[in-house]
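Multiple structures follow.
Next come two complexes, and both contain chain A; in the first it sits with chain B, in the second with chain C.
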Partner chain A sequence: MGQSFAVGYLLFLGKGALWTAGLSSIALLCGGILALVVALCRISPQKWVRLVMALYIQLIQGTPVLVLMFLMYFGLPSLGWSVSPLLAASVSLSLYVSAYLGESWRAAIQAVPRAQWEAAECLALSRTQRMTKVILPQAVRIATPPTVGFMVQIIKNTSLASVVGFIELVRAGQIVNNTIFQPFLIYLLIAMLYFSMCYPLSIFSRKLEAKAGEKSYA
Partner chain B sequence: MTELDFSVVFDRWGMVLNGMLLTIELTLVATACGFVVGTFCAIGKRGRTGWLRRLCGMYVEAIRNTPLLVQIFLVYFGLSNLGLSLSAITVSMTALTINVGAYSAEIMRAGFDSIEKGQLEAAETLGLTRRQVYWHVILKQALERVYPALTSQFVLLMLSSSICSQISAEELTAVANFIQSDTYRPFETYIVVGMLYVLLSFLLRIVFWILGLAIFRRRRNLQAFI
Partner chain C sequence: MRNATEEPGRDVVVSLKGVHKKFGQTEVLRGVDMEISKGEVVAIIGKSGSGKSTALRCIDLLESINSGTITVCGHKVHSPDVDLRALRLDIGIVFQSYNLFPHLTIEENVMLAPTAVKKIPKKEARELAHRVLGQVGLMEKAGQYPDQLSGGQQQRVAIARSLAMEPKVMLFDEVTSALDPQLTGEVLRVIEDLATKGMTMIMVTHEMNFARRVADTIVFMNEGKVWETGSASILNDPRTPELREFLQNEL
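The block that comes next holds the complex of A and B.
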């Protein structure tokens, strides 16, 4: 057995956990903005815009996040761009989020009852007005529970940033493990830290879903 | 900037093919085992035994709220702590099974819950035991309802099997890592491998679609008459 688990190690893991939260927020924010674009393009009146976006979604959803991560971190520098671990992780996670969240938000927009679109058209609102004043506010309500649920997936996938050397929770654990060599103990602790971040979100998402279900029956 | 040269990857197509085969193998084994684990877990979660219900619930929540990467490391180091030294492939299969088992449990539970009460009451009236009710009445109908959700989960599993490269299971991503360090052509390598994953997930979806047509044939024929 190596050294005991000193306070310094715990602080280091805590810092890693903060970076996990930070990276998740970056991915949610940047990915969310892209996802909105993806969702709006998927319901565009132009056929080629819809097709191009469908292709983009198929490509991203068909590729593992890990391969995206490697492509950004090792692939781009070979084309002459220098990429830091944080940038590589943020970009690949944002792409991943944009494809999945984009599809989910498109479904939410299309779930707004047809009559709402027609009514807005009857009031002679332009397409932009219809979207921003009538459809999107209602779509946000429909999209909220699955989006909160998806945040759990984002947090879990930030663990993949460890492979490009970004010091988030898993990488911090690996570094601590290199000094004290108690892998099982450390990964158990890390699993618990992830659980304490993800579980509240899972519960919250389930509550929101139950609430949304009640409303639709009322 | 150098010219792009994709031939370095195609020159090593034998390795790439082996990697793809292992990815497929991992996916199929974990899908089959995980489906069985998940189905039993879902039955356990809906059962009358309190401790079993809680145990299944804890398993599902623990797996669904932690990253696969950490789960793989835990299985890897946990088993070696127990004195078992297994190959990276066995560890990968175990970890993937445990992982997808929890997700399929949640999906199957939703399917089981969607069966109308009337059918269960009718089955009970016919004097079927709980086991017979699950086997003859619930299972196939539930499976048909959740089949799309279940198959997309299995496609996600295929993609996440790439994480097994981190404990040096020589599947497609690990092969890519090797080729790029051998040729210094990371961009080309990962682009090709990414496309191969797209292809694999497309093929997997077609296989599941055909499988679905074969399994649920009787009901489809019936629906045509109604």
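The block that comes next holds the complex of A and C.
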């Protein structure tokens, strides 16, 4: 294995790592927007809205992300829609994120004391104002540590996109390995790359949790 | 609370007639009647479970009633199409647990409703906030957060937050019950000051001496009903054995 080759392989793995980060960001962003909708629907005053959303959450949480990806990537083309690996991976991961974060955010919203809602109500604030000016700002503080912790799960789960041929970190590693047959070295390298992405997030999440434990807004 | 025939020209602000309220199988209010005039200060007293806090919460429609009528400043609170926003603009309420917004500074707590609901410009709202905070003696705390204040100070901010909306009626739901005795005084002074300024007030309280000094009318509730009512003199000379027993236990 020549020096120039090694650099080329490393660059290829680096590019895969970037796509892992990219796919994670897409999943977090799109999934996060959906999660907000999920959380708000779960506390809707309309019973049927709550029920439909509960069913959605059960469906997504009860299905492996891998199966969601297969459905998108192999299932939809058989119905006449062709889907790129990036799109299939993004959509299935976003759905996964929306269900998990949606439930976690719902819990955060409901963790804000009921009395806060009442106090805002008695000051004549509309339902939307109560939500955006009183409840959500407090819920965000409650939800931030677990959300940052969940980002670690998203990053690791993007590796599943390798099975639909999306070239993220794991798939990049497989391709390089098929050429140079050094699985131990390559997968060790990949593990280190994942770790270097996830570890800072874990530390950050723990710091946020410790800070939240102090419970001070000042 | 006087009989309507005595003073025909008076201005009734809050009126409850035959109000019933159930929580599940438990009937908490069993036909409550009250009339409160403009500028009147009413103290509702009674054992816990007598329905006094529930009655207060029904006036602000934090609980809906099962039967009867409640009218506040012309709003039919019992009606399904009552204008909630207009009702809440006319009523200010202060809770036992202060319920300040912890993520906002003292000043922002007071400014929130005037800016969000009444669309008062920020600058004016800040001046308004400083004025009402001055009224409760806490102007210097404007930039701090609720958890940096003592309980008594937080409760005074809660009163200021209500006052900033310029309500026509103020409700106080056991506002000193969570406070140490030495902090109770500072909150009661603020309420007394409001009373002398002519604010219409209904307060649920355990502070008998305070009720005696400040209230125009004492309402003694028992078993979900107005059991006995009258001027502060009923505290010295109760007519019913239930009030006599209650007063003995309070001292």
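One rule holds in what follows: the second predicted complex is superposed on the first by the 210 of 218 C-alpha atoms of A that agree within 3 Å, B and C clash if a C-alpha of one lies under 4 Å from a C-alpha of the other, contacts with A are read in each partner's own complex, and residues count from 1 in each chain.
We take it that a contact is a pair of C-beta atoms (placed from the backbone, for glycine too) under 8 Å apart; a residue touches a chain by one contact, two chains touch by 3 or more.
Just so it is clear, the structure is predicted and the values come from calculations on it, not from any experiment.
When the two complexes are overlaid on their common chain A, residue A:76 makes contact with chain B while staying clear of chain C.
When the two complexes are overlaid on their common chain A, residue A:195 makes contact with chain B while staying clear of chain C. Once the two complexes are overlaid on the shared chain, A:110 sits clear of chain B and of chain C alike. Looking at the shared chain after the overlay, A:121 reaches chain C, while chain B stays out of its contact range.
Taking chain A as the reference, the larger set of touched residues comes from B, when chain B and chain C are compared. Once the two complexes are overlaid on the shared chain, A:134 sits against chain C while remaining clear of chain B.
No residue of chain A contacts both chain B in one complex and chain C in the other. Chain A meets chain C in the complex at residues 113, 115-116, 118-126, 129, 133-134, 137-138, 141, 215-218.
Note for the complex: chain A touches chain B at residues 58-59, 61-68, 70-71, 74-80, 152, 156-157, 159-160, 162-163, 170, 183-184, 187-188, 190-191, 194-195, 198-199, 202. Residues of chain B touching chain A in their complex: 1-2, 61-62, 64-71, 73-74, 77-78, 81, 159-160, 162-163, 165-166, 173, 176-177, 180, 184-187, 189-191, 193-194, 197-199, 201-202.
Considering their complex, residues 60, 62, 85, 88-89, 91-93, 95, 97, 99-103, 112-113, 116-117, 144-148, 161-162, 165 of chain C touch chain A.
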